[in-house]
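Both of the next two complexes hold subunit A, though its partner changes from subunit B to subunit C.
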Partner chain A sequence: MPELLLSAAQGLLAPGTLVFLFGGVVVGLVFGVIPGLGGTTALALLLPLTYGMEVGHAFAMAGGIMGAIAMGGSISAILLNAPGTGPSAATCLDGHPLAKQGRAADAIGAVATASPLGGLFGVLTFLIVLPVARDIVLLFGPPEFFLVAVFGIVTVAISASANLLRGLIAGGVGLMLSFVGYDTVHGGIRFTFGSDYLWDGIPLIPSLVGLFGMAEMIRLSIEGGTVAADAGAVRLDGVWSGIRATLKHWKIVIRGSITGTLIGAIPGVGGTVATFIAYSTTKKADRDPQSFGTGRIEGIIAPESANNAKDSGALMPTLAFGIPGSAEMAVFLGILMLHGMQPGPTIFAEHQQDIYGLILAITLSAVLASVIGISFVRWLAAITLVKGQILAPVVIAVSLVGVYAINLEPGDMVLASVIGVLGYLMLRFDYPRLPLVIALILGETAERGFQQSMMIGQGSWSIFFQSTTSIVLVALIVLSLCWSFVPYLRHRLAEREPTEAS
Partner chain B sequence: MNRFDDKELRRSLLPSVATLFFVVAYLVAGYMTLDETTRYVPLMTGAVTFILLVIDIIRVIVRGGAQSGSWVVEGGGVNVPESRGREFAAVLLVAAGVGAIYLLGFIVAIPLYLFASIAFLGQQSIRVAAIVALLTSLVIYLVFEVMLDYQLFRGMLFA
Partner chain C sequence: MSFVRAVALVLVLALVGCGEPAEYPAKDITIVIPMNSGGGFDTYVRALAPGFEQHLPGDANVLPKNLPGAGGRRGATEIFRSRPDGYTIGIFNMPGVLIPQLQGMPISYELSRVTWLATLGYDPYVYAVKGDSPLRSIEDVRALGRTVTYGATGPGSTQFVATNIINARLGIPYDVITGYEGSAGYLLGLIRGDFDVAMISFSAARTYLDSGDIRALAVFGTESDTPDIADAYDLGVPELAELRVVRVMGAPPDLPPDIRATIEAALLAAMDDANFRQWLESTGNEVHPANAVDTAVAVTKMTEFYDQFKDLLD
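Take a look at the complex of A and B:
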């Protein structure tokens, strides 16, 4: 293996290949920054271009895009609360409050460090796990998929709001919306009310752009001022403080990276879920979970570590079985096939050096994207000083064009604006938006897993207790729900003590 | 005093009651229009959400609006302006912008939307609004149409 890795590194560092890698990084950063575009769109546009390229060049460019997307997406998440990509949405939660406090540079510094570290961890895990990847992926069947989806919704509902009930209600509404469109199990059309547009369900990217980006911009245009509440307090020299904070919280980096790699490897669950779960677990493990959402640097480090680690995780099922772990990987599968590479266990024997080249390209591009991000931090952070009355309509306009550009579908733009208003109302009336998003993403996986499990178990719920993996997942769900009552009980006890003492 | 005379309580109840109406409509539509196999999971989810909403409404009524934490929001909340007109105007401008894009397309509607938002809602000078509107539209055109080769939507009237 070391010889092959060395040889792959030499191939990647050849001047010709480096040009393609750098090109991929720039494309990845641009597509990441523009809300609504993202890795899938960038790779889809690249797909036909790679036809005439050497495999090494095509992989360098694809790896460059995959590694840089996370950085680009997180920059707009921090500065504008408009996640450039789905997985960057979790970075909004604490990244944007930091930008509002004038500490956008700290947040970007943390992203620039956590992101490549997560990527590096993911790559190392990929190399170690590769021999047993098949066994791990096969641990997940329909009951486990259903339980992973439920676990994701429950953990986010618990951690997203101080009000568990409203978190669960938002999750319920998100699930209900996810059932709109074609029923993949039984084949019926649901809740479309005659609209062809809704046949494919409520699309995710317009929903994310609306719920986070547009809602925030509507708020900014109403409140006025700048993104950074106190323009005089904006620090443009906080990058090193962000880098130091990330290195100090190395345990969070490792935890986030493990979450990213594991969830990324589960086909159909995706990077957005991985970053939100990484955020939730870090929040729950913290001594002061209530302070998350107000600008905690740990709330950026966790999802960002998961964000880049997930790519290596998602590569496992993509390469080993041809089952893409995400939409991005589905497009990447197309690039593989375009170059005559058939995914499956034999790919590692036949194209080992190319695979290592790709892995190294993803890692190197994450580092390159971070260097570029840090270099331009002064200019990027200055966005937070632009007047909200000017910034908000400009971001809304760019978001609408970006959302339209995904499928060239005007309906996406209308949907994003409707969900944007809904997001503003949720913000206004204390309904957490995260459980709604996570349920919208996981609804289809949950329903498919549930229906298929019921078919396998002939209608018996005992199917969810038949494997060790599902028993562990059930235990985690129950524990999460019970754990959420601990702060409430503590509060009640604390209230009672003074009464009894008096 | 009647409990429902409390303005804070009514405001706290509003979103839960509105969501409850949505959930009831969803349940009725699901029951009436879908067959037994496809409606099972959606109706089960709707029923659970309905129960959670009823508990939330009871909780708000029992505790009272002010104590229910309704105005403490994620990410710092919204500094609600004294006049609701600004809120309505912001939402209406987005709706008008999307409507204009739908009818006239991006190239015509984006500068109009930006100019109206910056000059009227943002209360900036006409010159600033015009410069930002034109520059942003130019950048959007260059990035999406010229560089990325997307065909921007021309609108229902010009398509």
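Take a look at the complex of A and C:
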């Protein structure tokens, strides 16, 4: 294994290959920055080009894109509250408040440190886990998928406990939205109002662009001013403090990376959920959870370390079974197949060196993207000083083009706009958007997992307690629910003994 | 004023466009793929496109375009509604786009009116069990004496329909666990043991058959060449020998015959092209080319075949 890894590294560092890697990084950054466009679109557009390439070159380019997307996506999440990609949406929550306080450079510094560190961690895990990747994937069947989805929803629900009722309402709306379209288990068509467009459900990326980006631009247009509330307070040199903060919070980096790798490996759950769960668990574990969402640097470090770690996780089911762990991986599968690499039981043995080349490319790309991001921080952060009346139309136009480009589907633009208005109303009336997003993503997985489990178990609930994996998941769900009462109990205890509390 | 001028310009251009019979192709040709990039249909089209471009007269580009959505209906509709000028053609998943038509779902295409161009090939169905399953033959499955469970993507999918037809013909009591995502999804379910049997297209099953993760008991849509694996004739259901997924290329209705002939010739030549053959060789894929006339006949036959199983479609 070390020799193969070394020769893969040599292959990657050959000048010819480096050009493709660097090209991938630049494409990844640009596609990441533009809301709506993302790794999936970038890979899909470049897929036909790889037809004539060597495998090594194609993988270097694909790896370059996958590694750089996160950095690009998070830059727009921080500066504009418009996540360039799905997984970067969690970075909006504390990243944008920081930008409003004039500390965009700190936030970008934290992203530039946390995301390659997370990527590195993910790759190390991937290398260690590679021999048993297949068995890990096989641990997850319909009952486990259902429980993972419930766990995701529970994690987010309890972290939003500050206004529990509003969190529940938002989550309920998200669940209802996730049920729109074709019922993949029983085949009925639901809530489509006769429209062909809704047949495939409410698409995630246009929803995210609407809920965060469009909503923020609507707010900016209505309230006026610039993103950074006080132009005088804008610090363009905060990048080093962002880097230092990340290194100081190394525990959060490791926790985020583990979350990213694990959840990234679960098909249908994927990257966006990984970053949101990393965010929610860090918030829950913090001494002062209420301050999250107002610009805590920890609220960036956690999702960002998950953001790059998830790619290594997502590669496992993709390579081992041809089941894409994320939308990007679905396109990447196409690149594999074009080059005659059939995902499945033999791929690790037959193409080990190419796979090593790919993960090295992803890692190197994340580092390169960070260096580029840091060197442009000064100009990037200046965006927060642009007047809303100039910024908003540009961002809205670019977002809509990005959303349209995903599938060349005009309906996606209408949907992004409608959800944008919903997002603005949620902002205005202080409803949390996080539960809505998570419910929208996980609703389908949960429903499908539940229905399939019921069919396999012939209607018996005992199917949820039959495998070790599902018992562990049930335990995790119960523990997180109990854990959520700890602050409440502590509070009650403190009330009972007023002398000690003061 | 400028608006009027723009409209006039568009009209003039349109008239010029109608007037010239000139050389085909005079501009880029789009091949619509009604699936996501990365799937089997997508891979075939993308691998074939360079050769197709080469064998066409002139130097027009061939641009594959993915239009996934609504289970392939969106792409089929797009092809059907395009102008019959030879600049929009596409690949059809048969019987995937045929089933909704037979079910009487609201669709905006008629397969009998499509101008068929060529067949790329077909994919037989493998009747497979888990590698370490004690079941050795369809007789063993029948002898289980209980309801046999199958995995499938969703009601109305080609593989769900194939499962229904086969069990109805073989007289095996069965239940289908639906909701798996794609062939990779239920393959994994089969290996994990979520259900007893799955009908899997051969191309998706191949590597897992080789590795021993799954085992074929029977094959439909082609003749079996090993005694361990039964085919439709061995099982006494010869009418099921045609049960398979077919990849056909088509164009909008009323495509002028000379353009159709040009495209047909280029497609058939592309499938014989050395580069494409090499790609097939290196990836283990197969083609079974057929010309436009044979493709049209095959589509009609397929429609009749599935029509007799109408009540088993959903």
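Note that in this section the second predicted complex is superposed on the first by the 482 of 502 C-alpha atoms of A that agree within 3 Å, B and C clash if a C-alpha of one lies under 4 Å from a C-alpha of the other, contacts with A are read in each partner's own complex, and residues count from 1 in each chain.
Please note the rule applied: a contact is a pair of C-beta atoms (placed from the backbone, for glycine too) under 8 Å apart; a residue touches a chain by one contact, two chains touch by 3 or more.
Since the structure is predicted, the reported quantities are computational estimates derived from the model, not experimental observations.
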Is the arrangement of subunit B and subunit C around the shared subunit A a clash or a fit after superposition?
-> fit
Which of subunit B and subunit C A:142 touches, first, second, both or neither | second
Look at A:455 in the shared chain and tell me whether it touches subunit B only, subunit C only, both, or neither; answer first, second, both or neither.
-> second
Between subunit B (first) and subunit C (second), which does A:186 come into contact with in this model arrangement: first, second, both, or neither?
-> both
Chosen between subunit B and subunit C, the partner touching more subunit A residues is B
Counting only touches as set out at the top, which of subunit B and subunit C does A:433 meet: first, second, both, neither?
-> first
Hey, in the superposed model, what angle do you get at subunit A between subunit B and subunit C, Cα centres, nearest 10 degrees?
-> 90
Counting only touches as set out at the top, which of subunit B and subunit C does A:408 meet: first, second, both, neither?
-> both
Applying the touch criterion given at the start, work out whether A:333 contacts subunit B, subunit C, both or neither, answering first, second, both or neither.
-> second
Given the touch rule stated above, what does A:400 touch, subunit B (first), subunit C (second), both, or neither?
-> first
State whether A:199 touches subunit B only (first), subunit C only (second), both chains, or neither.
-> second
Between subunit B (first) and subunit C (second), which does A:96 come into contact with in this model arrangement: first, second, both, or neither?
-> first
Rounded to a whole Å, what is the shortest Cα gap between subunit B and subunit C in the overlaid structures?
-> 9
Name the residues of subunit A shared by its contacts with subunit B and its contacts with subunit C.
-> 186, 408, 451
Listed in rising order, the residues of subunit A that touch subunit B in the complex are 34, 45, 81, 93, 96-97, 100, 160-163, 165-166, 168-169, 172-173, 175-176, 179, 183, 186, 188, 190-191, 214, 218-219, 221-224, 293-294, 387-390, 392-394, 396-398, 400-401, 404-405, 408, 410, 413-414, 417, 420-421, 424-425, 427-433, 447, 450-451
For the complex, which residues does subunit A have touching subunit C?
-> 44, 47-48, 51-52, 137-138, 141-142, 182, 184-187, 196, 199-200, 267-268, 321-324, 330-335, 337-338, 340, 342-346, 407-409, 448, 451-452, 455-456
Show which residues of subunit C lie in contact with subunit A when the two form their complex.
-> 36-40, 42-43, 46-47, 49-50, 64-71, 73-74, 149, 153-156, 175, 177-182, 184-185, 187-189, 191-192, 194-195, 206-208, 210-211, 213, 279, 282-284, 314
Of all residues in subunit B, those that touch subunit A in their complex = 14-16, 19, 22-23, 26, 29-30, 33-35, 37-39, 41-42, 45-46, 48-49, 52-53, 55-56, 59, 69-81, 86-87, 90-91, 93-95, 97-98, 101-102, 106, 110, 113-114, 117-118, 121-124, 128, 132, 136, 140, 143-144, 148, 150-153
